[in-house]
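What follows is subunit A paired twice: with subunit B in the first complex and subunit C in the second.
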Partner chain A sequence: MVKQRKLLSIPYYLWILLFVVFPVLLLLFQSFRGLDGGFTLTNIQTYFTSRVYLTMTMQSFLYAFLITVLTLAISYPAAYFLTRTDNKQLWLLVLIMPTWMNILLKTYAFIGILSQTGVANQMLEFMGIGAQPLLFTRISFLIVATYIEIPFMLLPVFNAIDEIDDSMVYASRDLGANEWKTFLTVIFPMSLSGVRSGIQAVFIPSLSLFMLTRLIAGNRVITLGTAIEQHFLVTQNWGMGSTMGIVLIIIMFGVMFLTRKRKKGVPVK
Partner chain B sequence: MIKNNKWASLYLIIVFILLYSPIAYLIVYSFNEAGTMNQFSGFTLEHYSSLAEDTRLMIIALDTIRVALLSALLATTIGTLGAIGIYYAKRSKTQNMLLGFNNILLVSPDVIIGASFLLLFTVVGFRLGFYSVLLSHIAFSIPIVVLMVLPKLEEMNENMITAAKDLGANNWQVLKEIILPSITPGILAGYFMAFTYSIDDFAVTFFVTGNGFATLSVEIYSRARQGVSLEINALSTILFLVAFSLVAGYYFIQRQQRTKRLTHMDPTNHEKAVTP
Partner chain C sequence: MKKLTTLALLILALTVAALAGSRYIERAQGTSGSDVFHLYNWGDYIDSDLIEQFEEETGYRVVYETFDSNEAMYTKIQQGGTGYDMAIPSEYMIERMIEEDLVVELDHSRIEGLENIDPDFLDLNFDPLNRYSIPYFWGTLGIAYNEDMLEGFEPESWEDLYRPELENSILMIDGAREVIGIGLQTLGYSLNSRNEAELQEATEQLRGLSPNIKALVADEIKMYMIQEEASIAVTYSGEAADMMWENESIVYILPEEGSNLWFDNMVIPHTVQNEEAAYAFVNFMLDPEVAAQNADYIGYSTPNEKAMAFLPEETIEDEQFYPSEEMMDNLEVYEDLGLEYTGIYNDLFLEFKMMK
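Moving on to the complex of A and B:
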């Protein structure tokens, strides 16, 4: 019986080997290969001694950090208010619905909105600030990336707040805490698990949004993702690209470790 | 329950407007007579008719749907069997290890998946094109299917299997008559997620697509690099409507299932008092 079930799962185990373990090993292997195909440590050496690569990594990190902070700042209140609406599941669905729209199309919309004579500039002119070059700037990259990532933060935070037992809130109010204090001492600490998974869901992809840096930031922003795509598909320097891929994987595990699930409650002695 | 005051509602409305205005912008300008996304000069449907005549784009759209349907089907099959395998893995250590492997592709950035799959296909000597895209889509959709199916397996009543075996069912019958029916909602949700993952993917496809084959995302990317073309707007209107109706349909089916489950609940079951 058990043996038969194991047989059925063979395609799944094959998948793990072929598409999870093997590609990562290949990436690792490739990062030790030079342009001539021989074994070398030059890629890693170049990466860690070149100012260009290190600044790029730092910048990439900084952008991902800013995008995460911005999405959190916008999504947290929205998620909190959302849990208190009637029909909250429907409203949640409405707010995360834009994720079902192709990411390239959303990006494309911003090419129109942020262009020299687009809506954003028309509004700036109307407010008396005057038209600014918006497209192909770092700010536009932040705006569009934040826009795209908001639903991915909203969903886990909403779920975490929604799971909080209402009676906790009532107890806190009964004991004399006002709304703000209840939020700070009851709701916020209990929603941190959602914030952690939100950070995970936003920070890691933000490091690799290469299509945005190309279409919106006009190559003014180079993230790790852009650099990897460049090395693999344009300059064909796969060794260096793989090295950066490994760096990205290490950052990914770092973020996952920092945002890992903590055990709930205080240990009983 | 505490209700929102009007500032909270206002905030939600603003977020709603922020999230939807780019999409509305795209849709409105798809009807623009002038060929730009700036000044609206008059209503026209010409971009839709030129979209209908664009055979290259139509072929690509059909290819995208073909890849999505096929990859979701295969990913759902492999993922469901995998979930059953994980569920029956005896030791929890093995279970956790399998789940760990399962989640690697879910959290990996797209470029890593794309680059490593490109390496894989090159090393194996697999030609880039339809099949490499299909295989990649199957590969990155499997983990989400597992995550959708596994909770349903955990909810399943194990006594049913014991009862079935007592009554003389063989393994195949247990799988077909007991296990699969009780996890069907998870399988459907998995298929739906795998389908949307495939339709939405850009980065992975971009790496493994080669020259001869393109999906809509890749095509939109290369067209958007050349500038504004209102045909893309017309396309996005249609895609938005399709996505909207799919999601709405999915929501209502789920809601119906939920109410059905509640009304059919056994009156003697004490759970009824607990479940709202």
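Moving on to the complex of A and C:
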């Protein structure tokens, strides 16, 4: 039995080796290669001494942070009220449905909505505010990115809240807690695992949204993804591109670490 | 467990069916086999009627694949794994590809109709004696603007783009050499500057242009200009021709300080599998009538002298698209900068993108 299990696990180990370990090692190896192909530390040195790259990293971080906060602010209440509705699976499906559509299609739809003569501006004009330049602004970028990321936050948060045993809530009520207090001391702490996975699922991809930065923000918002794409496709400086990839991976580990599951057990007073 | 097995088998069956289906379609369409011609070209850069005509005349099946930058094309051809029979890169990239042996030397005895090409476009620095490449189109970088939206103001130079009243209204082509080049040319330097001080100065100069930039995009410029999303764009001549076709208020000019002159030439990459078809295509495109039809459709300028006879008079007399000798002297061709300076240009470009 044990032998059979070992045998069955071989494909998975192979998979991890080929598609996880090997590419990361390759990236690491490339990041130590200079333009001439020789071993060098200049890429890392350039990265940490370049005002441009460091500002760009800070900007990526800032935008990813804002996008995550916005998605959480919208998704958490939505998920909470969803668990309280009668047909929650149906409503969840409705909210998740946009992920069935290709992301590029959604982006192009937003271009239509946000353009000078688009629906958004028609509404503004109708309300008497008048048409505004909406496309190619930071606000639009945040709105569209948030919209695209919402399902990835909503789903884990919903599952976490939904899993909470109703008897916990009843117990809290029986012990005299009002609705708000119940939420704060029972529901919210118990849903944190969902929030954590939501943050990981949203923050990390948001660091390198290079397609949205170009199509919606007109390259007026620059993230690390833009620079990585440029190094691989334009400057042929794969070493520098890989170095940035490694930096992204390190940031991701940082996020995972900060949002890791802490040891269970509520301190007893 | 039984359910799981059924599901697994079902997925497997569907995969096999899809694979067989796509094979069948490929064969039916003839996208594999010896009579296929793989053309690797810019998006929307040939009249599709001409592809049909070529297929009818020669019996080859054309597989048309597109790229959106010279660099992306270069990477794909250099990495191998592709079977392109013909590619149409720009001059500085051809220079690099020749240096790195990525293109096949042409056998001129198999080429007919090279005499149709204007001698001005032959034997240029990037490919002396046209040993590797045959002219396809040429064009310029310039300013396209919407007369109605600008209300009387007519930009004539790069300098004019810095005006404060143009705040947040310029769509800029998303290319490092183009944008840094504007800074360089405004200051009177060469587009191929390899002088760090000049490049720094150009970037500082561009700081003044940054507030006027609405967006840095590429192919979308055409659509946005037609829809009047913006009033000014820095773009290529052929793109501008398309815009003018769709929106009559748009005008294209070459800036006073000069601009970039570029050539896209046909080359046979080292990945070639069907050389026969590649030569057939070169000869087909050299035909004056074909070249004229293509130029009329795409809007870029044709290097084919004899094709001029088949083009409408207003087209060939338009100085913005077929500039006079004197204007041509003001234009500069990109040279391959080498990897180090390509990197420097691109880092400065990133810096520019982050201004504002």
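One rule holds in what follows: the second predicted complex is superposed on the first by the 252 of 269 C-alpha atoms of A that agree within 3 Å, B and C clash if a C-alpha of one lies under 4 Å from a C-alpha of the other, contacts with A are read in each partner's own complex, and residues count from 1 in each chain.
Here is the rule we go by: contacts are C-beta pairs under 8 Å (C-beta built on N, C-alpha and C of every residue); 3 or more make two chains touch, one makes a residue touch a chain.
Owing to the predicted nature of the structure, the values given are computational and were not obtained by experimental measurement.
Judged by the touch definition given at the top, the superposed model places A:175 against neither subunit B nor subunit C. Shared-chain residue A:35: touches subunit C; no touch with subunit B. Using the contact criterion defined above for the overlaid structures, shared-chain residue A:232 touches subunit B and also reaches subunit C.
When the shared chain is aligned, subunit B and subunit C each come close enough to touch A:117.
By the touch criterion defined above, A:56 lies against subunit C but remains apart from subunit B after alignment on the C-alpha atoms of chain A. Looking at the superposition, the partner that touches the larger set of subunit A residues, subunit B or subunit C, turns out to be B. When the two complexes are overlaid on their common chain A, residue A:211 makes contact with subunit B while staying clear of subunit C.
Looking at the shared chain after the overlay, A:220 reaches subunit C, while subunit B stays out of its contact range.
Within the superposed three-chain model, A:127 lies out of touch with both subunit B and subunit C [touch as defined at top]. Within subunit A, the residues touching subunit B in one complex and subunit C in the other are 115, 117, 214-215, 232-233. The residues of subunit A lying in touch with subunit B in their complex are 1-2, 4-6, 8-9, 11-13, 15-16, 18-24, 26-27, 30, 74, 77-78, 81-82, 84-85, 90-91, 93-95, 97-98, 100-113, 115, 117-119, 147, 150-151, 166, 169, 179, 200, 204-205, 207-208, 210-211, 214-215, 224-225, 228-229, 232-233, 238, 241-242, 245, 248-249, 252, 256. Contacts from subunit A toward subunit C in the complex involve residues 35, 50, 52, 55-56, 59, 115-117, 133, 135-136, 214-215, 217-220, 222, 226-227, 230-237, 240. Residues 1-4, 8-9, 11-12, 15-16, 18-20, 22-23, 25-26, 29, 37-39, 77-79, 81-82, 84-86, 88, 98, 101-102, 104-105, 107-120, 123, 139, 142, 146, 171, 175, 196, 199-200, 202-203, 206-207, 216-217, 220-221, 224-225, 228, 232, 235-236, 239-240, 243-244, 246-247, 251 of subunit B are the ones touching subunit A in the complex.
The touching residues of subunit C, when paired with subunit A in their complex, are 69, 71-72, 74-75, 168, 171, 174, 176, 213-217, 220, 224, 227-229, 339-340, 342-343, 346-347, 350-351, 353-354, 356.
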